[in-house]
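Some structures to go through are shown next.
Note that chain A is present in both complexes that follow, paired respectively with chain B and with chain C.
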Partner chain A sequence: MNTLWHDMSLCAPALIMGAGALVLMMLEVLLRGPWPRAGVAGLFLIAALVSTLFVNQEYEVGQTILQGFIYADPFAAFFNLLICGGALLALMIGESYLQREGIEARGEYYALYLFSTTGALLLCNSAELIMLFLSLEIMSMALYCMCGSALAVRRSAEAALKYFFLGSFSSAFLLYGIAVLYGLTGTMQIGAISTAISYKEPILAMIGVGLMIVGLVFKIGAVPFHFWAPDVYDGAPTPVTAYMACVVKSAAIGVSIRILWVCFGALFPLWAGSVWTIALLTMVVGNVFAVKQRSVKRMLAYSSIAHAGYIMMAFLAQGGTYEGGAAALYYLVAYTVMTLGAFAVLLAVTQGPGGGAFSDDISKFNGLGSRRPVLAILMSLFLLSLAGIPPGMAGLLGKFYVFSAAIKSGYVGLAIVGVLSSAISCFYYLRVIVAMYFVEDESSEVSPVLAAPSAYFHGAIAVCAAGVVFLGIFPGWLYSFAAQVTERF
Partner chain B sequence: MVPITHYLILALLMFSIGVVGVIVRRNAIVVFMCIELMLNSVNLTFVAFSKQWGNLDGQIAVFFVMVVAAAEAAIGLAIILSVFRAGQSIETSDAAELKF
Partner chain C sequence: MSEFPLLSSIVFLPLVGAILLYLFPGFGPRQDPESRAVRAFSMVVTLITFVLSLLLWGGFNPQNTGYQFVENKIWLPSFGITYHVGLDGISLFLVLLTTFLMPIVVLASNSVEKKVRGYLASMLVLQSAMLGTLVALDMFLFYIFWELMLAPMYFIIGVWGGKRRIYAALKFVLYTVFGSVLMLVGIFYLVWAYYQQHGVVTFGLESLARFNGLSVQEEVWLFAAFALAFCIKVPVFPFHTWLPDAHVEAPTGGSVVLAGVMLKMGLYGLIRLAYPLFPRAAELFTPYLAGLAVIGVVYGAMVAWAQKDIKKLVAYSSVSHLGYCVLGFVAFNTVSAAGSIYQMLNHGISTGALFLLVGVLYDRRHTREISEYGGLAARVPIFAFLFLVFTLSSIALPLTNGFIGEFLILAGSFQELPGFTIVAVAGVVLGAVYMLTLYMKTMYGEIDEAKNGALTDVSMRELVTFAPLLALVFIMGIYPKPFLNALEPTIKNYIRVVEERRQMLKSSAPMRTRQVAEDQAADEKISSVSDKSKTALDALIVKRSKV
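Now for the complex of A and B:
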């Protein structure tokens, strides 16, 4: 009984988050009239974040709890922090938008938001493949509904439909992979599989690993399983897009690192080739397709595909060193703050989905430098960081770590392609900056004065900007923390 | 006794039919049924391996997969309904407002 309580207390972040979702659903039934849904959801997120800080001290290397279903190790602790923090920031930047568009008024949105975050937390901590599948589904199913939450807007419903079909399609592949691995090893515990898996049955192992990689890569949104991402990111309400691009992507990358390095660590030569190809294609396709986008939202969708490619490059730099892991996690944190920041500015500048296909057009940024100088400066900081140009040092250092980890592991060609493709990315990021400072706002209609963003919004965008600056100036502590986390699983 | 390979080949066939159905068919409901077929073929695989290994992990997994499939049905039909309301069609080829 004591161990049960102890184990439950170590899962506190996920439990608080799940309880929060249930409380929000109950309050929705009990309370009449408007009530601060975002505030209550935010309080639960803060509680989960604080509990993470407390329980993290008890997370030890290789520790599993609840009969080996959940990992409580430093890697899990890192992702608990990243996911709770990212979800809190994403909530704060999206809150006023959701209120404006009437999505909040229907009430279920924030309950779904917390459910999805619970799934994301459990996904990174799961130590058992069925647990992994269930948490993936908890995360995804809430997200399908969130994508379609702008009910009156056809694009939103369409995005939900696409995401739902392709998401369940890929989950079925993941599940088939799990079944094959179970057939191969007789167990579904990640730790046990890692010791039992071998080259004895190369064909079955290849099928199992391949199917798992398909399922995971789909969730990351990497080429060739990316085709859903631009459409879904574009059609979903922008706060949902920001959440998907940061929190969901972080969770998917976290679980992929765990699966590839721990579960399939012994089979590195088997999957290295396919991950190499996927990383290469993702970087090139993401950056090339982003160039021709007029919609800034869609451009950010392709840019997030491209960034997934850079991070996947670090997956290959395993080879007994911690450099790949440290690089991937540093990049992930930097990517989260800069992308959330860019989405925050997008939310402040553009209209809701009701505005049609051109509501996120780049022309909305014309002359922003004189209309809203502070927002324009912040957007420039985030975009320069995404492009990896000084003074956006966080993104530059992230790229440097990832490329140098790849080069040290002997993937020089891949690193060269990475550098070239990030040169392409400068073009489309700088285009937005050019629009903000060097293109006059010619539209005769005065751009609608959007409801002044709330204090939450200002707080979140300030945190993102501070994060980008801080990570750029003092990268050492995060890098060494990330190195500790991935040094030993 | 039927050897395990028979079950596995049957499951593989069912899974392949599901995959082809998802790719080829245009009606949202049929696509959805094909995804359910894929999940159920995985269930068959789980049970077959569970029998072979003599442990219950695979059979328990089946219960979880069935629950997930049921939840997926609830959410999927709701989404299909909302698309139908927005556009009066459940052909996936009609849902083409979002393009590169």
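Now for the complex of A and C:
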């Protein structure tokens, strides 16, 4: 009994989050009229975040709880923090938008939001393949609904349906891979598979590993399994896009690192080639396709594909300090703050989904530098950081660590392709700056800027900006934390 | 080392100034009194920086050939990255050039009409970045400052530039970024090679410049990666196409900084990083670099001759002049290298002044077409006089600063690379041709009263802008001793160190250790992977037994 309580307490973040989702659903039924749904959801997120800080002390390397279903190790702790923090920020930037567009009023959105976040948390903590699959589905199912939550907008419904079909398809791949692996090793435990798996059955191992990688890479949104991403990111309400680009992507990358390094660590030569290819394609395709986008939202979607490519490059360099682990985790944090920041500004600048096909057009940014100087400066900071140009130091250091890890592990060619594609990325990030500062706003009617973004919004964007600056000047603590977390699993 | 951090305060003072400038009270519309205050504030900041940098010169000991005013603080301990700055004779004068030109640029900013605050803030950030690049002794720090130069210049061209400013700004950034990202790969390769041999991660320039574990082939690739970044910045001949666009579209101040200081960063990078780090590859590349430099000299001059736009002409003349500087440096003897650095200072002064003069004309007539002018000497005599002096300095007339630099370069290079030097001399003649033609066409002949009759001569403020440049043209032309005295020991020592290192690397047995080390590392990796899974299993078993 004590063990159970102890295990449950270690699971507190996910439990609080799940409970929060249920409470929100309940309250929706009981309360009539408007009530602060976002506030209550935010409170649960904060509670989960705080509980993470408390239980982190008891997380140890290799520790599993609840009959070996859940990891309670430092790696899980890192992702608990990242996911709770990211979800909180994404909630804060989207809150006023959702209210304005009437998405919140229908009630179920925030419950779904918490369900999805619960799934993301469990995904990074799962120590068992069935658990992994279930949490992936919890995360995704809620997400499918969230994508379609702008009922009046056809693109939103299209995005949801597309995501649902392709997502189910990829889940099937994952499930098939799990089945093969189970047949091969006779166990579902990630830790046990890592020792049981070998080259004895190379074909089966290849099939199992390959199918798992397909399923996971789909969630990351890497090429060639990225086709859903631009359409879904574009069609979903922008706050959902921000959430997908940061939180969901973080969770998918976290679980991929764990699966590849722990579960298939011994089979490195078997999957290195495919991950190498995927990373390369992802960086090139993401950056090249982003160049021709006129919609800033779509551009950010492709940019998030490209960034996933940089991070996947780090998958090839197993290890903590100086290696891919620390690099990927640092990158994820930097990526989360800068992307959320960029989405926040996008939310403030563009109108709602009802604004027609070109509502996220880059021309919405024309002359922002003189209309809203502070917003424009922050956007420049986020974009420069995404491009990896100082003063956007957080993104620069992220790339610095990732490329450093790749070159240290001998992937010089991949790194060269990476840096060249990252140079391409300067083009489309800078184009937004061109619009904000270099182009005078000639249209007589000044596009309406969100009248008064809420205090939440200001808080979130301030946190993102502070994060970009702070991570850029003092990256050491986060890097050593990330190194320590990925040193041993 | 608890002294006052003079070097850091010089580097970061403009940056702090820029931040204060942005937070300046009165965020509202940019009215005249406000922009006057903004200008005054920037002027004070740049002047203080200049005075502080004079203290550097005062405190600089020319006989000490090592780095001076060194500050070394740990920044990112896990990566061995330090905040390591220092100064030697080479960087000292480029720092002085930067701090000297900035107040002039601020003074010349009155032609900027909109968003003066942003313009000057960008300039100040740019100054910090340039100064940081010049004093950084840590490769990472160097890279950060190097890249930090991009964003402010991008804004300066893009917001305050001419008609095709967006194109020019993007071209400038993309060219430079493509070059420098490959350099980043090179830096990492070098750092990890060093790590394999010595087991220490460091980005310190001094440690890496003593590293001897690279094969010649690796050196060649790394040198190529570094040299590409620097050649784009200089710009050396085939990589120069961004420069005319950037120059023509940039506002006057931007052109002055671009020509005066930023182009020198490319050559400075070759001097500070590429040559000391990869001496053998540098030797192999010398004929190619010299060849490109000479092509740049002649081609730049010929293209300049054909220009119809004054500013474009001056821009191409920069390509030509920087060609001399590169030639002088790659010839690699004390005389020519000293000349090369001296010529960088001269070019900063005379070309900076020429861009300012073009700016003066443009402010009045809003055209830069040569055919629009003619016979100005009679109407604006002071302007004509200034134009003449800087033209002569640019074509290296004796008694002007340009002569000393070009003479040293040609005299020194002739000993090492006679063939290239003979061709480069043709550039001297061509230089005289296009500059004097320009002078003749604009200043002499019949004046077109309708167009240029109302031209006014340089104002008091403009005269104040030009006075220090004018003085330096003659001081550096007649009495170059204080400059060369401070330069010479550093350069002698620099060349000796690089040559010795080259000999040492050549004489040491062909490096096989690295290959062996690589194989070992690969073996270790495979074993560490299986170790990892083993430890995970062990941990799991222990946990289970606890439960």
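Worth pointing out:
Note that the second predicted complex is superposed on the first by the 483 of 489 C-alpha atoms of A that agree within 3 Å, B and C clash if a C-alpha of one lies under 4 Å from a C-alpha of the other, contacts with A are read in each partner's own complex, and residues count from 1 in each chain.
One rule holds for everything that comes next: a contact is a pair of C-beta atoms (placed from the backbone, for glycine too) under 8 Å apart; a residue touches a chain by one contact, two chains touch by 3 or more.
Remember, predicted model here, so these are calculated numbers, not experimental data.
When the shared chain is aligned, no partner comes close enough to touch A:81: not chain B, not chain C. By the document's definition of touching, neither partner reaches A:66: not chain B, not chain C.
Shared-chain residue A:391: touches chain C; no touch with chain B. One of chain B and chain C touches more residues of chain A, and that partner is C.
Of the two partner chains placed by superposition, only chain C is touched by A:420; chain B is not. In the superposition on chain A, A:206 contacts neither chain B nor chain C. Using the contact criterion defined above for the overlaid structures, shared-chain residue A:262 touches chain C, although it does not reach chain B. Comparing the two complexes, no residue of chain A contacts chain B in one case and chain C in the other.
By the touch criterion given at the top, residues 3, 61-64, 68, 191-192, 194-195, 261-262, 265-266, 268, 318-319, 321-322, 369-370, 373, 384, 389-391, 393, 396, 400, 403-404, 407-408, 410, 412, 415-416, 419-420, 422-423, 426-427, 430-431, 433-434, 437-439, 475-476, 479-480, 483, 488-489 of chain A touch chain C in their complex. In the complex of the two chains, the chain A residues touching chain B come out as 130, 133-134, 137, 141, 144-145, 148, 151-155, 157-162, 164-165, 168-169, 172, 175-176, 178-180, 182-183, 186-188, 230-231, 234-235, 289, 357. For chain C in complex with chain A, the touching residues are 27, 75-79, 115, 125, 129, 140, 144-145, 147-148, 150-151, 154-155, 158-159, 165-166, 169-170, 173-174, 177-178, 181-182, 184-185, 188-189, 191-192, 195, 201, 518, 525, 528-530, 532-537, 539-540, 543-544, 547. Interface of chain B with chain A (complex): residues 8, 15, 18, 22, 28, 31-32, 35, 38-39, 41-42, 45-46, 48-50, 52-53, 55, 57-58, 60-61, 64-65, 68, 71-72, 75-76, 78-80, 82-83, 85-87, 92, 95, 97-100.
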